[in-house]
Structures are given as structure tokens and as C-alpha cells.
Amino acid sequence: MRNLVLSLGLICFSTLANAFEIEDRAVFGPDGSDQVLRIISTADISFFEPMIQSYLADNDVVRVDYTVASSSEVMRAVLNEQQPFDLAISSAMDLQTKLANDGMALPHASDLTQGLPNWAVWNEMVFAFTQEPAAFVISNAAFADLPVPENRQELINTLRQNPEIFEGRVGTYDIRSSGSGYLFATQDARASDTYWRLTEVMGTLDPQLYCCTSSMIDDVVSGDLAIVYNVLASYAEQREDSDAFTIILPSDFSIVMLRTMLIPTTSENPELAAEFLDFVLAQTFPDGNSPLLRSEVLDTASEESLHRIALGPGLLVYLDQFKSRNFIAEWESSILQE
Amino acid sequence: MRFLLIEDNEALAGAVVDRLALDGHVVDHAGDLETASDFTHTTDYDLILLDIMLPDGDGRSFLAQQREAKSRTPIIVLTARSEVSDRVGMLDLGADDYMVKPIDFSELEARCRAVLRRQGGAARNIISFGELEFDSLAGTLKIGGDETKLRTRELRLFEIFVNAPNQVFSKPKLVDRLFSYDEEASENAIEVYVGRLRRHLDTSDVSITTVRGLGYKLELA
Amino acid sequence: MTAPNTKRSIRQRLLVMLLFSSALTGILLYFVMQSVFQQIAQETQDNILAASAISILDSARVSRGEISVDLPYSALSMLDRVTDERAFYSIRLDDEFLSGYDNLPRSIDFADADMTFQSAAYLGQDIRIAATRRSFSIDNKQAFLEVSVAQTLTGVNLALARISRISLSVGLGFFALSAVMALLIARSTIRPLQSLTESVSRRGPSDLRPVAAPVPSEMAPLVVSLNNLMARLKKSLARSEDFIAEAAHRVRTPLAIVRTQAEITLRRVEKEENRRAVREMIRAIDESSRTAGQLLDHAMVTFRTDNLSSEVIKLHELISETVERSQPISDLKEIPVRILHLDPIEITGDRILFQSAFHNVLDNAIKYSSSGKVVDVSLEIADGGFEIIVSDSGPGFSETDRGTLLERFERGENADTVVGSGLGLTIADEVVRAHGGTITLSNNSGGGACVTLSFPSD
């Protein structure tokens, strides 16, 4: 159970000179324990709490201090401000990779990490523990009379042929404000030219741009949107109002984002962090009995169509200022069409 | 019997010749191999006594020559060498026996007799005296038709008497002839042997008589 | 025989030298392979870094007076294609930093080369940096666009570890193979020496013929020396045998003459006390002569036991021949020698020594028996071997005699009237021991001495 939840804005811990922005924070475990594990994460408390509780059930002297921040703030807290977090969890693979590449992560090797598949670990510093595919989410109501698009080409065709239905009702990430959106977009573009055509088609339909998956789903449920492109299937699946929409993993290829953990060099308790990290990995590999990895759409997708984003220096390319400037410029010219 | 002694040491040779003459043998003496060869070419010997180290050569070569020439004359080698290998070698070369110097004359006589006896009947040496026939090689004494086998010392003693009938032999002389010097023999032993001989001669016309104070002699009754 | 003063075997030495050189070659091989492959690994890494840097440089464009670099994805992703590597890059226009890692060590000196490589430490890790540059014309000004790409050494180190392992196993394998070869070479090198040794040691003691079997040319001088030595030995052996014979002759001939003279004198002397004196003299001469003879016999026995020849001896024939030859003497003393038992037995040994031993024992038996007694000889198979037993009916051995009688010049307590040197049993003992047997002195239950020569079977 959550012992303590502190809401955004209420918190101002003197120990954390938090110039970075905190979205949420919770502390689990007994008061006054010396064994404190400080986690900074992009994942909502509700998303990660089961894992923490499960860990605390076996380690009742440990206290877990869980801080939620955006991926760029996670980066800032660790890299720029050198805050003493013991574990950094983020869906921004590129930023996690950069943290490790820049020497901000401690290497960790255990029997467990040796057994991980190659794609799930980089340099013994970055460890993936979820696979989160990007999907289309369509409103069942809007598509009542339309064929369900199975891949990008079919989606392009559907959008083109039915502008009256989709005008102003297409949603996607604003890659300028969303790290995940940018990551999906760059990987999409790298994988296929179809991305740019799709972006252009969406551009003609006055697309709505979002910061986060949840608000996009909200708008699909409310009927404001007919379709959203490149949203995290895992979020959509967990919605209780999932009757209103259908999640589609494109059959041509699905970009799969990996949520990753690393132990920052600033950690004051790296042994504990390593122990917790191993615990999480044990829960999620090899069979993934953790709810974090359980994804029905992922189970039904063919392995060939899954396009896992590769951890590694390739991800640094899109962080390059020239590269991101060029990419965003191109994206803007496609999607805004001003 | 006729012996050839091949020996370069004159003193030794003289003594051997003297001693064997006492036994009734005729002994020619050669001081070297050349002389010896001359002798053997002209005379048949019953026995050759051969020294090994001679001024003009090795006695062994003479031995080998003799055997090559198929001479069956028995040869006894007299050697100063004591090494057994030498003696064996000598026998292999065809010597019938060997003796190591200094020679014990009793042993020499015994060995001569043994060699001659082994040679067989060809050179029989039978001495007759009265009705006696004495074969010194076989050691038999025939009186009339009866033949008696004499034991070694009886035979030796009788041989001494029969070679010189009617000659008186003192007891010490007989001891000298009969016993070797490593035996502690007393004159009483002579009396014992004389007694035995007398018993053998009981039935014959020959007897050993005591010459009081001097010794014994063999004579016809 | 004394053990030779040995100083490590040739084979060992050869082996040590060969092994040493193999080890040296193995180590050398290890280092050469290591360094060659290290170079190759380094070049491979450099090539990849160079390719990466060039691909970045190629993506540079000048448009509207501004330079823009469209970093290709592969430029960095290629760097950890095989192993996870951290990668760094920096892009500069002349000295102005454009993008990447600002503090990445720069290559100062390009000289004339398009590409430079350097190793450096960065962010706590060893890295390899490739740098390249190209000049661009921007606003009619020439400027160098410089691209550096760097990579950690995880892959190279892994490769080096593997190379090290491979080099080590190649080095060790080479060493193992060479060691086996060395062993074979050492063995085959030593073989002619061994066969020479065997052929020499197989020889009988009197076989002093030169070695005629072919040997490798290196061993020819050894064989020549060996042959010379054997020739000299042969000569010296012959000389010492001659010496023994000569000594016997020199001692005995005068003795023979004196004895003869004494005997002649004895015939002329009538007075009893003079006669006794002459007799004593003859006895003394006989004893000296016999002592000289036995001393020489003993010298001969000692000499021959050191160089024991081995031939097959028909022991029963040897015994009957010796007994037969003693017949004149035993006859003379009226002591019959009876052969009670004669098992046909053949043994390997020195014939002359056997004859000497048996002759001495038999001679003793005849000598110490008194007239009218008998000497019994038997040769029979006994437990695990055979025995020659000579028993007489003389006075026998006293208790004190038995232990000491085998020593030189010891004569029995009862031997006072008998001429002898006391060496007879010593000679027999030495011969018997040289043939692995034992000599036992005992007394018969009915009186008289019993000498038993026991031998194990071959």
C-alpha cells in the first residue's frame, strides 16, 4: 500500500535541491529506515507501485522513495544536477543511453543480467524491463462503417478516402514537446518512408497534437478523435474504458519502446539499487510474469513485425542538435503545412 | 720301462732319473726340445715327462706336435705353474696328466703308474721271480695259478723289493719311498705292510726275510 | 663395482635444451601472435572509427552560408554493432564547437594526413579516437570541418583477451607438441649410445673384441677410444696372467730344486736325527710351495671373480673328472674317494673357478683323512638349487674353527701335522659366493668334516 503520497507542488525536500521539476512523489516502507532506495522515474506511481510493494514484501526494512518526473527532467536531475538517486527509470531510451554513454551509470553484472537477451541490456549499464509497442488506437464508433486499417498503408488509404470523417479528428504526439513522441517518430522515419507520407496525409487533416498518450486516449473515448497514431499500447490496454476503442499494432512493423533502468554514478546506495534492479528483472524476464510486461497486443503480434528500438549510440544521433533541428523542421513542414 | 724326461734343470732332472731308476725304469734325459725330438725319433718311449718352460721353447708346442704326429705315448706335464686354467689347457692339448713342481716323488710314481695303467695292456711290465709273476701296472701277484690283488702300499712295497731281490732295505729308506713327506709315518707302519706281504707270499717259494739290525730283503726260499 | 660419477644424462640435457628452446619459441610465438593480432584488432577498430567519421563528414552541407551536418544513424550505430560500446563524437568548424561532446580530446596535429588516430582516457574510460577533416568554403572563407569519433575499447579488449587466449593456447600447444618431439628426438638420439652400451655390457668378461657394429659418426671417436682401451686391457690382462704364471715358476722352480736335493741328501744320511732334520726341511719346502701355489690360486680366483665368465658347465662331468684326477693321490694314501650321488646338473658359471673350488675342498678332505678312511662326494638337487657335499672321516671341524676357517690363512686346530696353507676353504668360499651360493662347514654324526657348497638354481 501506498504509505504516503505527496502531490505535486507540496513537496520541497531540503535534501533534494530540486531545481528539476517533480511531478509526483511517494515513499513506501517503514519510517526511519537507513536503507532508503531513491528512484526517479518517468512512470506513474500507479504503474510502478505493484512492483515496489512486491519487493517490499520480501524486504521490509527497505524504504523506497519514488519520484516521478518527465524524461528530460530525469536526465537533468541525474546528469546536470547530479542528484543522489539510486535508480533512474525512464521510457526515454535515448536519454538513458546518453546518461550511460556519458559515464553517468554504474555497470552492474549479476547472474540475472548475464541471462538477459541482447536487446535488453547495453554495456551492463542500461537494462530494459518492459516492451511497449506504439499502436494505432481507433474509436470503435468512428470506424463502425469503415474497414479497420491493419498497417500504415491501409491507414493512409483510409485517411485519404474519408477526409470528411477524419478532418480534425486525427491525433498524434507533438514531437517537439514529447520525448516518446520524438523517439517513435525518428525510429518510424528510420524504418520506413511510409512515415513521411502518413505524416503528410495527417497534415492535410488538421491533426491534433498531444503531449501524452493518456490525453489522446481520453479524446478518443470522448469521441473527439477518430484515431490516434503512435500511442503506447500498454497505456491504452490498462484503460478501464477500453470498450470505446480498439488497439491496433500495425502489421508492417511496430516500433517497440523499451522502458529502461540504470544506476546513476551518484547513487549513495548502489548495492541496494542493484538488488532492486535484479528483483525487477527477475519479475520481468524471461517469462515476464510482471503486469508491467503483460500486453495482449504484444502477445498476438508476430515477432518479425516487432521493431525494438536498439539501445546504443545510434540513439545519440537523434539527440544531435543538427539532427533534431533538421528532423523537427521536416516534421513541422509535413504536419503543420502552413 | 723306458721313460723320457724333458727338463732343463739338471739337478732336478738327475733326482727324477735316480728316483725312477729305483723303480726299475730306464730314463733318458733331454735338456731341451731339440734333443727331445731327436730322442723320440729314434726311440719308442713308454712315458714322457715334459717340463713346460724350456730354453728353446714352450713344452706345450712339443705336446701339440706329439699329438699331431698321432703318437700315443702318454705324457705327464711337469709345471711350475699352478693356475688351474693352465692345467686344463694342458689336458686339452693332449697331456695325460700334470704335476705341479716341486714334485713329490711318491705322487709322481703314482701318477706314472696311473697313466700307464690307463694306457692299457700294450705296455705290460711283468716281472718274474721264482714262481711269482708280478704285474706292477695291474697290481697283481700270481703265485702258481692264484692271482692276488695287492693294495697300493703293499704293491709299492713289493715293487721296491722285487726290483732289487736280495738287497737289504732299511726301514727309514722304505718309509722314504713309501710315504710322502706330509705323512707322519712311523717305521712301525713298514712292519705292518711287510707283515701283510708275507701273508700273501706264504704259499710261495719267495719270502721277505728280516736282516736283523739292517732291514728286509726279498729272497728265494 | 663402484657406480660411475654421473653428471646428468645426455638425454636429460638434450631434453632440457630442447624443452627450453621449445618454451622459448612458444613464448616468442605467443608474443608475436599477440602483437600481430593486437595490431590487426587495432586496425579493425580504427577502420570502423574512420568509416564513421567519414560518413559524418560526408553528411555535411553548406546551405545559405551555414554549415549543417545531418548525422547518419549508422555513423554511431555501427560502432556498437558487435559489442556494446560507448561512443562519442565531436564536430567542429575550425575551433568553433558545433555538436557532440565538447570536451572530447582533439587531434592537434593532422600534418598532411586526412585521418588521425589516438588513444586517450575520457569520462573514466580508455577510448580510441579517429579524427578527420575537410575544408569547406563558407561565405568565401575556407574553414575546416573537423569530425572526431571515439569509441570505448570493450570490443577490442574482448578481442585482445580472446587473442591472448588463442595465442596462449597456440604457444602452449606448440610447446606441448615440441615437448613430445623433444622426447622422441632425445630418445632416438640416445638410442645408438644405448645400443652400444647394451652390446658392450652383454659381452662376457673376457670378450675384449673391438666394437664392430656401425655407430653414428659422432660416436666414432668414442668407439675408437673404447676399442683402444679394450686392446690395452686385453694386453694388460694377458700380462697379469703371465705375471702370475711367471711368479709361480720363479718361486717354485728353486723350491723344486732344493726339495730334490734334500731328498737325495736324505738317501745318503744314515743318522736318525739328521734324517729327521732333512725330513723337516722337505716338509717346510712342501708347505712353502703349496702356500705359493694357493696364493697364486687365490689371486687367480680373485681376479676371475671380478671378471666372472659365464659358460654352461656340466657340473657332474667336472666333478667326476676332478675326482678321477685325484685318484693317484687318494690311492697313494689308501683313501678311496667315493661318488655317492651324481645328479646331472648344468649351471652357468666360471668353469675354472668351479674346478678350483671343488679341487680345494676335495684336496682338503683327502689331506685330513687318515689312511684307510673314505671321502664321499655327492652332487644332488636340493631345495631351490643344488648342493655339492664332500664329507671325510678325518677329525672334523672344532666349534671354534667353523666361523674362522673361511678367513685367509686360518687353519683348523687339528691340522698341525698336515701340510697346507689354509687358503683352500677361502678359495672355495670366494668362488661359491661369486656364484651366489653359500658354503657350510659341519661335522658328520659319525665323525669327520662335511663341507656343503649350496647354489641356487639359475
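Here the chain labels run A, B and C in written order, and each chain numbers its own residues starting at 1.
The rule is simple: a residue touches a chain if its C-beta (ideal position, glycine included) is under 8 Å from a C-beta of that chain, and two chains touch if they have at least 3 such contacts.
What you are looking at is a predicted structure, and each value in this text was computed from that prediction instead of being measured.
Peer 1: Per the contact rule at the top, check every chain pair and give me the one with the most C-beta pairs in contact.
Peer 2: Top-ranked chain pair by contact count is B-C.
Peer 1: Chain with the smallest distance from its CA centroid to the overall CA centroid?
Peer 2: Looking at where each chain's C-alpha mean falls, the closest to the middle is C.
Peer 1: Please report how many Å separate the Cα centroid of chain A from that of chain B, as a whole number.
Peer 2: Comparing mean C-alpha positions, chain B is 141 Å from chain A.
Peer 1: At what distance in angstrom does the C-alpha mean of chain C lie from that of chain A?
Peer 2: 80
Peer 1: Between chain B and chain C, what distance separates the C-alpha centroids? Give it in angstrom.
Peer 2: Computed from C-alpha means, the inter-chain centre distance equals 63 Å.
Peer 1: Would you mind writing out the residues of chain A in touch with chain C in their complex?
Peer 2: 100-103, 121-124, 190, 310, 312-314, 316-318, 320-323, 326
Peer 1: Quick one: in the complex, what on chain B touches chain C?
Peer 2: 9, 11-12, 14-16, 18-19, 53, 80-86, 88, 97, 100-107, 110-111, 113-114, 151-153, 172-173, 176, 180-184
Peer 1: Can you list the residues on chain C that touch chain A in the complex?
Peer 2: 68-77, 79-80, 84-89, 91, 98-101, 123-125, 154
Peer 1: Please output the residues of chain C touching chain B within their complex, sorted ascending.
Peer 2: 241, 244-245, 248-253, 255-261, 263-264, 266-267, 272, 275, 279, 282-283, 285-286, 289, 292-294, 296-297, 300, 325, 327-329, 331-334, 351-352, 355-356, 359, 367, 417-419
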